[in-house]
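Pasting the structures here.
In the two complexes that follow, subunit A is the common piece, with subunit B as its partner first and subunit C second.
What follows is the complex of A and B.
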């Protein structure tokens, strides 16, 4: 965003400056996800009497929680000019580990911790191979996508495990006042991620590593360690999200669902984070995740058949991407 | 204002706008709209397309309105849950559910059950333990017993291989309840002179089944037959057999009864299928909703019709498709006074 000199500005010229900014396509491109979400809310709000009911908004927020967490993790990785294709399998592996531990009589808290550790393990493997062995992130995470899925199948013997736990049921259906637990967890993740990215030295190093790795190294930043940290964060969040997944569907299912993976990348890119690294924020990917979730919800409420839903989602994503061409 | 503050205020403005719209937005009324909502598995399989057709045709016949939503694919557990959650907020009078797994729809069903709305569980059963621990009240289950379907397939395979032989099993998604039940039933019903040499999981995918069958045939040139957990995959297996030049020599028995499979049995590409009637299951689900909405008590569980289709009766089966070609018991017709 262009910064206009603010020393000694009067209120009038400040307003003029803002208006000038609004006319620049770059401004709208940075806020693609937000713009699309507002348009969506208006269209669906008019089209369906239940879309804007509090119950439905709650449903959207709860449904988006897992994707929000995966998108935040993906954002950290993409900000370093990388990509993490393994999130779908890390998610599956985490929930399988949880399911196996719990069904063997282990304590739920311990099972959750193990799920998170499984996610971290995938992330650390990704980070080490990418940073130290200097292999392209695309290939490495594609490999861990498959490997983690395989481990999940081996651990579970290919069978889903029903998880009946009052803790998880409460997590999935309970709330603090009007705000469901799922939403609180996702919101906390987003807020902490934002603070880490913009108010810690690590965050600055992360943005520098993605923006210009040569310059970052010249300044003394250990870009290898930053990258490992980014992938570990992504893995950690996938592990955390796997607990929510197990709560939501009441089981640990060994079949990985790549929809989450594709949507996490789409949410991050629609949220204004550059695939070349170094540029972006956390709120963009969060809005992107909400956009993709609200889209499916709204189309369902309008009674749009499954086939047309997929067409509609594809068109909207491409339109949003076209708007993003104006990004600087 | 700094750029950061500007961004934050824009976000807050958006939130305020949405909250305002929500405040004067639609309120969900306490009385239902008298319509039925149905959520089924993915339409990428003709089995569920027939189910959707059955639901819609019966709804027209009963003069009710139904909204059918399907999952994105046969593995889309969270997507199906999200869709049901959206439908739950729309205050339908009755819900017909065909869950992808035994538990993925339990959580969205909780508010529906708490509101006292009838829940008609069709085809794939909701796990009784999960339902109990979540306090769900399921009005009725309508489906076919997949274990007996597997046994019927085994009996047919025994007829096709009177001198015994070796068979390979091709299942759906590893660990899937339906697939597991069909494979188990088949193995239970096999005579002692037929041996199972290999079991693979082909994810309900025709392409995967084709590749797997081709590999198995190459590794076991004396294989006598395949049992395939659904027709969609069986068509892939049939293709693999003809690619290997062994059409007619290797028997293929499957379960489902989709139209293409019936045609393939006519031409001899497939040997037999245990025909379940998703059209009828869907239609009976609609009837159950009508009965429930009129306040009638529903039987806890109803078995939908299952018939074996072979080359002998394939033409007859195709003529009456998607309905069964023999009579069956439908307890709902008397309840709704048809």
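What follows is the complex of A and C.
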């Protein structure tokens, strides 16, 4: 009898605790992206009969894959209290390198490796200049944004190249069972990133470097090396994503496009990662990227013009930033 | 700190037989370096033309609290940075247990068992208590070519580290941001003491704390001493120095003025050594009639 009574009591107090949590703005701030995604799914699910169809969900996940990878890279950089404005340029550069190498007769695997190396190169330059020359991340990555876009235009002579490759075609359209390859690649990236951040020494040092660089250095952490690594990871993921981009559009397009840059920062902010560094996770930015992609998808299905879509993204990001002030 | 309060001699300090003639300790006669844990041997540190520390010789024993006092700019912090491996001395030697050591980084010093609790504490607010305790000394488990954090082991050992020093903190999973000033200090001290360290250096360990928290941290420092660790402490608080320390060294403008066993000196004497003012003068200036020693 008494045991049942106690269990009932703890059950009650747990429910009370949950209720208390729900009233805390901090709870909502920590779960901004997830809550927004759920609301969005409900609203679009009611508003559009196709939104929740398996085909459309697949389409959203595939469309989100590139942004998820860029956002994970951006998250690593922002966790060190930096910012990487060059991700979209590194992405463009990577796909142009792939296209040029392939169209000049290189083998596809080698072309893909070169694309990844191009992304890494952008990241390494960012990291070295920021950590060693002590120049503000904002300025450095603004510089490499322009420089990488420039190199992409020079390499391609400003002309897009069509890439006809069975490998890329299979990558873009194939799936394992019901799960498209794109989704698998992005999911693996996210899972590995989560493990690196929370289950390796490097991850802890990254959080320490972003949270309190002075303290990290006092404990013997080489914060310069951590920062270089963070930008290199971001560059690497941009290079990897460039293969997916080339596969998706079947071409290497050298024209600059900042949508991916803005959305990667937006996804990270929506995901509850502090722009001051040191706090955040990987799941948040991934959900943030899904949210932004689902938003565009849903608004398109409802027949809302692209101009309003941009406006909607802007409003959501600013609202998320306001909620973040309540973070614990 | 109320200056007047700290200069008022306690009854114990006014006991007869405490004048310089009765003292057993002579700071000009150093012991054999292998008899003490830390021996600083004629150390100087110059920054260009600035002589921050000039020819300082002092020592500290295990199981004792050794205080370094002195005015701002007396060279205490520079000396401590030399011992902790933050800076290399321009000349002179540092001996640990009689063995000369050369540190090119705080990591080197740490490997020899010298830990420093900085005034800023060097805690990362957004990390949990156990993550801070193990910062840059994370326990890992190897799986093939990769090594992963052994979070369970670190949590268990963290709980033990805090329990050993009777630090009362509800949960090691809390972020340091949620801790009070005293709790943070306790975490930083536990971390310094928790690595088989032989010498723990503390820079103003209670400067930012309230009365009750100061008392807790002082208890903690005494526990380190009782464990046989040599504690080297910089403090501006004379009451604290008199209360805690076994040995006091006084520095003025980069030089060592002298050393005393704490039970053989008074706050007044230390102040006169720090300022270089005559002891009698100070007594006249600060003592009220009824407290004036006969």
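Basically, the second predicted complex is superposed on the first by the 309 of 328 C-alpha atoms of A that agree within 3 Å, B and C clash if a C-alpha of one lies under 4 Å from a C-alpha of the other, contacts with A are read in each partner's own complex, and residues count from 1 in each chain.
Here is the rule we use: a contact is a pair of C-beta atoms (placed from the backbone, for glycine too) under 8 Å apart; a residue touches a chain by one contact, two chains touch by 3 or more.
All figures in this text were calculated on a predicted structure; none of them were measured in a lab.
On the shared subunit subunit A, the superposed partners subunit B and subunit C are arranged side by side without overlap.
One geometric descriptor of the composite model is the angle centred on subunit A: between the Cα centres of subunit B and subunit C it reads 150 degrees, in steps of 10. In the superposed pair of complexes, A:278 makes contact with subunit C only, with no contact to subunit B. More residues of subunit A are touched by B (comparison of subunit B with subunit C). By the touch criterion stated above, A:220 is placed in contact with subunit C alone, subunit B being left untouched. Contacts of A:250 after superposition on the shared chain: subunit B is touched, whereas subunit C is not. With both structures placed on the common chain, the touch criterion links A:59 to subunit B but leaves subunit C unconnected. In the superposition on chain A, A:173 makes contact with subunit B only, not with subunit C. Of the two partner chains placed around the shared chain by superposition, subunit C is the only one that A:208 touches, whereas subunit B remains out of contact. Between subunit B and subunit C in the chain A overlay, the least Cα distance found is 9 Å. Those residues of subunit A lying in contact with subunit C across their complex are 195, 198-201, 203-205, 207-208, 211-212, 214-216, 218-221, 274, 278-279. Partner subunit A is touched in their complex by these residues of subunit B: 1-3, 6-7, 10-11, 14, 17-18, 21-22, 25-28, 42-43, 67, 69-72, 75-79, 81-83, 85-91, 101-104, 106-107, 110, 127, 129-130, 133-134, 173-176, 201, 203.
Against subunit B, in their complex, subunit A makes its touches with residues 1, 3, 6, 14, 18, 31, 34, 37-38, 41, 45, 48-57, 59, 62-63, 66, 153, 156-160, 162-164, 166, 169, 172-173, 245, 247-251, 253-255, 257, 259-260, 283, 293, 296-297, 300-301, 303, 305-307, 309-310. Interface residues of subunit C, counted against subunit A in their complex, comprise 105-107, 110, 118, 120-127, 131, 135-136, 138, 140, 146-149, 151.
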